[in-house]
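This is the structure I want to talk about, given as structure tokens.
Read from first to last, the chains carry the letters A, B, C and D; within each, the first residue is number 1.
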Amino acid sequence: MSDLTVQLPGLDLKNPIMPASGCFSFGREYSKFYCLSQLGAIMIKAATADKRLGNATPRVAETHAGMLNAIGLQNPGVEAIIDHELPFLQTFDVPVIANVAGSTIEEYEGVARALKRTEAISAIELNISCPNVKEGGVQFGTRPELAAEVTQRVKAASHVPVYVKLSPNVTDIVEIAQAVEQAGADGLTMINTLTGMKIDLKKRQPLLANQVGGLSGPAIKPIAIRMIYQVYQAVDIPIIGMGGITSTDDVIEFLLAGASAVAIGTANFKNPLICSEIIEQLPQALQKYHFASVKDAIGKGHGHG
Amino acid sequence: MSDLTVQLPGLDLKNPIMPASGCFSFGREYSKFYCLSQLGAIMIKAATADKRLGNATPRVAETHAGMLNAIGLQNPGVEAIIDHELPFLQTFDVPVIANVAGSTIEEYEGVARALKRTEAISAIELNISCPNVKEGGVQFGTRPELAAEVTQRVKAASHVPVYVKLSPNVTDIVEIAQAVEQAGADGLTMINTLTGMKIDLKKRQPLLANQVGGLSGPAIKPIAIRMIYQVYQAVDIPIIGMGGITSTDDVIEFLLAGASAVAIGTANFKNPLICSEIIEQLPQALQKYHFASVKDAIGKGHGHG
Amino acid sequence: MKVCEAVIDDIKQIARDTMQVHLKVEANILQTIKPGQFVHIQVNNGTEHMLRRPISVANIDQERQLLTIVFKVFGQGTAKLAAYEAEQSINLLIPCGQGYPIEELQIKKALLIGGGIGVPPLYYLARQLAKKNIEIISVLGFQTQADVFYQQDFEAFGQCFVTTMDGSYGYKGVVTDVIKQEHLLFDYYFSCGPTAMLRAVQTELTNYPGYISLEERMGCGIGACYACVVPSKDQATYKKICQDGPVFRANEVSI
Amino acid sequence: MKVCEAVIDDIKQIARDTMQVHLKVEANILQTIKPGQFVHIQVNNGTEHMLRRPISVANIDQERQLLTIVFKVFGQGTAKLAAYEAEQSINLLIPCGQGYPIEELQIKKALLIGGGIGVPPLYYLARQLAKKNIEIISVLGFQTQADVFYQQDFEAFGQCFVTTMDGSYGYKGVVTDVIKQEHLLFDYYFSCGPTAMLRAVQTELTNYPGYISLEERMGCGIGACYACVVPSKDQATYKKICQDGPVFRANEVSI
């Protein structure tokens, strides 16, 4: 059977499949469908310094081959997460990646510092790309100098490797990727959602209470693949890829583009077993395309070889 | 029956429906399916100064609820278009919008100037957003100062109103829209395609010969709606909207977001009768949502009213 | 909760745009289902519809191993569900959410208040209440005559008042009008329907203990995405409708 | 060219991953179709698949008003087409492209060279050539035994050689090997199959007049989007495969 393991900064992955942040809460619900120890890793819901209620409803809308969400970072706050959510995840044999969010550099730093007191996380995913909060979030992800600054500060405040989650809502993704690499990021995760909108024809107003929301799902896969392909050629740190994955073929496409591992978001809603099923089917899919292992496929879509 | 007419700079539209540039060539093929005089207008394939062969094949790929294209501006050159294509379109009672492309400001200007000798066009669509050519094209669409400059120069060289076609591959679409408005644009058309990629798993390389291509179709509709909604609030010139339209509901969603008329691209490939069918069904759809006319719906998704 | 492929036993239209579907489901799953719970339905395979559709359990027939759902064709997803035929199968998450906690309550006389597609879950509730020999009065509100369904089924359990907004059938007006006019007496109420109706019920019946069942656009349907929240009465926290609800005590949430 | 909803008369598997479908199509459309032309098929309704799939006309039965297509399940679209059942209908653009210009040619003995899913269009061609009493030799190449189809149908028209790449059936090797080995004589050749095969045919048979049928990924299928081009022999212009082809004189294009 093909070797599925991948070694990344702070992350010793059994396989390259993990649920994406915000689509899996803190794992409890999906643990009713399969054993979380099967997963390569788990990216948990964003943590902010204090509890946040998030946006008003409606918070989601369906779009063609995708969805919009504007949850607005609802979470119980980093302390509650450490005390009440992470212990549950520690009962499984799976690395946990904490998604760190904030409105100010200080808040990001504070969350990272708070996480120092737990052994339960293996890495941080620095979310500088959430389009659904009024302040902070998205600006950090669209301006290279801000992205670099928050990366550097969080890196300094953290005891685990820091992966920076990039926003696709930018003119030049490579520029941002290089800026955060230089600022000390250990890896990248990409892509977060694209900013979109749906209008309720009957009510004559945006359907989401927040007006705009983040577009995810298969609709955005070509954009994710393009961005990962471009960034892979421009940086030396590993990429965890995401955006529209629903099948083993998609996973392999992300690996070929240059991702070392992948995360699955929206597809969990359609099929709660998706991560488990893909992990099971992956060896066969790798074989079909003549890859000896996951590592063997990473970046192989660049030129012949 | 509801009033479908819309009056825009240079364009007296029977109805707000037109085929999008590049998806309808110069009309001949679709004229076998229905009479082109039914259309609100026709946006013809991009014209460059000289004949261009475009990119190698494969030039298209299917994606979830969309497609990628990298045609690369294949066209017979502006002179041949004037001499051999526009006369055919003049046999119909329909305004023609010429899509002007180029690699340099001088080329754009030259094409606009060349078009002066024809009466057959009612407006120019300035394509500063084609992601599929090596030089020019997309840069003009992503940098406000370049966008403004090419707009001003083409405007000065043109005898008809100029609509600038915006690229969605930018961090801040409003900034670009305002820049071209200030530079004298008579209107905006948006959105062009998003840059994407698909990888051929068997060949282990990008499927398109050009590697990247433009993503169009229903997948991108939420992004188009969001951008039009934002730009509508920031400019005073009219917007012709496009990106993923396949139904009358979609048309009304674009009108509510702030488009004064719409173009249909990819959907023509799935259903060559789509423009004609939507025109026929539009009065009923407007009635369903209690709009007295097309004009009555424009911009009505902003606040209540 | 399980992922389950359920074969359609039969599917038919029972009112304007309203479909009733019987699904074959394993007995051991059916046994666990409480009135007020819902199933989260995949529209179809492929990637066009990434979100499932939440539909309430309208009835359960343990003997024939059938689960009934009743839904209105509203948008594209329900239109596709309506086009399914017998023998085809659909993919469910089952069961979802918390139902009406009737085991814990001392009820003598229950008032069921349903509006439109809020009526179906009350039918299974009525059957379960009837089993416990609880007296049942129902008030069912619809837009217009063409929308009315299940009247006879509810009449089998006791008094049943039907209202239509346009007066084309039964009483004219909203459900709360009937409750007032008829001076209905009861010790608990159970209501499901559009938010506007629930709000009216909450206000009018503020002195009665009651349960309401809420709707909201959902992502996961299992509590993992925070899409389907409703503020608690004091607005201090959010409850998840898919996990903490859809049934809530009427005074627990702010709608 | 027309948009047409065609009802499936029957659909069956005739070789590994290979489906044959008979479609009911109006006689007046069928009358206009030439061998080598194709239909452009909508995968299904909805928005998941925005592009049609080009599939060659494999046969026409004027009497029973049936059009035959034969296709291989390759990716997601053809997999969905393969799942259609009799009595369902599929949406076609029909007919597309230019066929083999056999009316204009003085042919005595035609060599048909088909590879894999390039075989079906040659069958309708063979029938039309046979009607004109033209002698026919066919060479059909497949990957392996499980892929072979239509051998007997071609044998009905004359000599028919089958090759497989792995030698599991008929000759081992590629079609051009057989043509050389058997010293086949003919005055025109007609070829359809994978590009690698066409290139070999073009090179080997450079001294014979011939026609080849090309494949390329398509958008519109009618000449409006410039997706499906092939350079002319002198590389100075592009031809559109969907409109100028798919059939070209062998020396007309550069593949």
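Criterion: a residue touches a chain if its C-beta (ideal position, glycine included) is under 8 Å from a C-beta of that chain, and two chains touch if they have at least 3 such contacts.
If you're wondering where the values come from, they're calculated on a predicted model, not measured in any experiment.
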| item | value |
| --- | --- |
| Per Cα centroids, the chain farthest from chain D | C |
| Whole-Å separation of chain centres (CA-atom averages), chain C against chain D | 55 |
| Chain A-chain C separation of Cα centroids, rounded to whole Å | 36 |
| Whole-Å gap separating chain A and chain D, where each centre is the average of the chain's CA atoms | 46 |
| Numbers and ranges of chain C residues touching at least 2 other chains | 47-48 |
| Shared-contact residues (touching 2 or more other chains) in chain A | 64-66, 217-218 |
| Topology of the chain contact graph, where touching chains are joined (line, ring, star, complete, other) | complete |
| Complex interface listing, chain B residues touching chain D | 22-25, 28-30, 32-33, 45, 53-54, 57-62, 64-67, 69, 71, 74, 217-218, 246, 266-273 |
| Complex contact set, residues of chain B against chain C | 64-65 |
| Residues of chain D touching chain A in the complex | 47-48 |
| Residue numbers on chain A that touch chain B, as the complex places them | 63-66, 68, 142, 169-172, 194-199, 201-202, 204-206, 211-213, 215, 217-223, 225-226, 229, 244, 249, 252-253, 256-257, 289, 300-305 |
| Interfacial residue positions of chain D with respect to chain B in the complex | 1, 3, 42, 47-52, 77, 93, 216-231, 237-238, 243 |
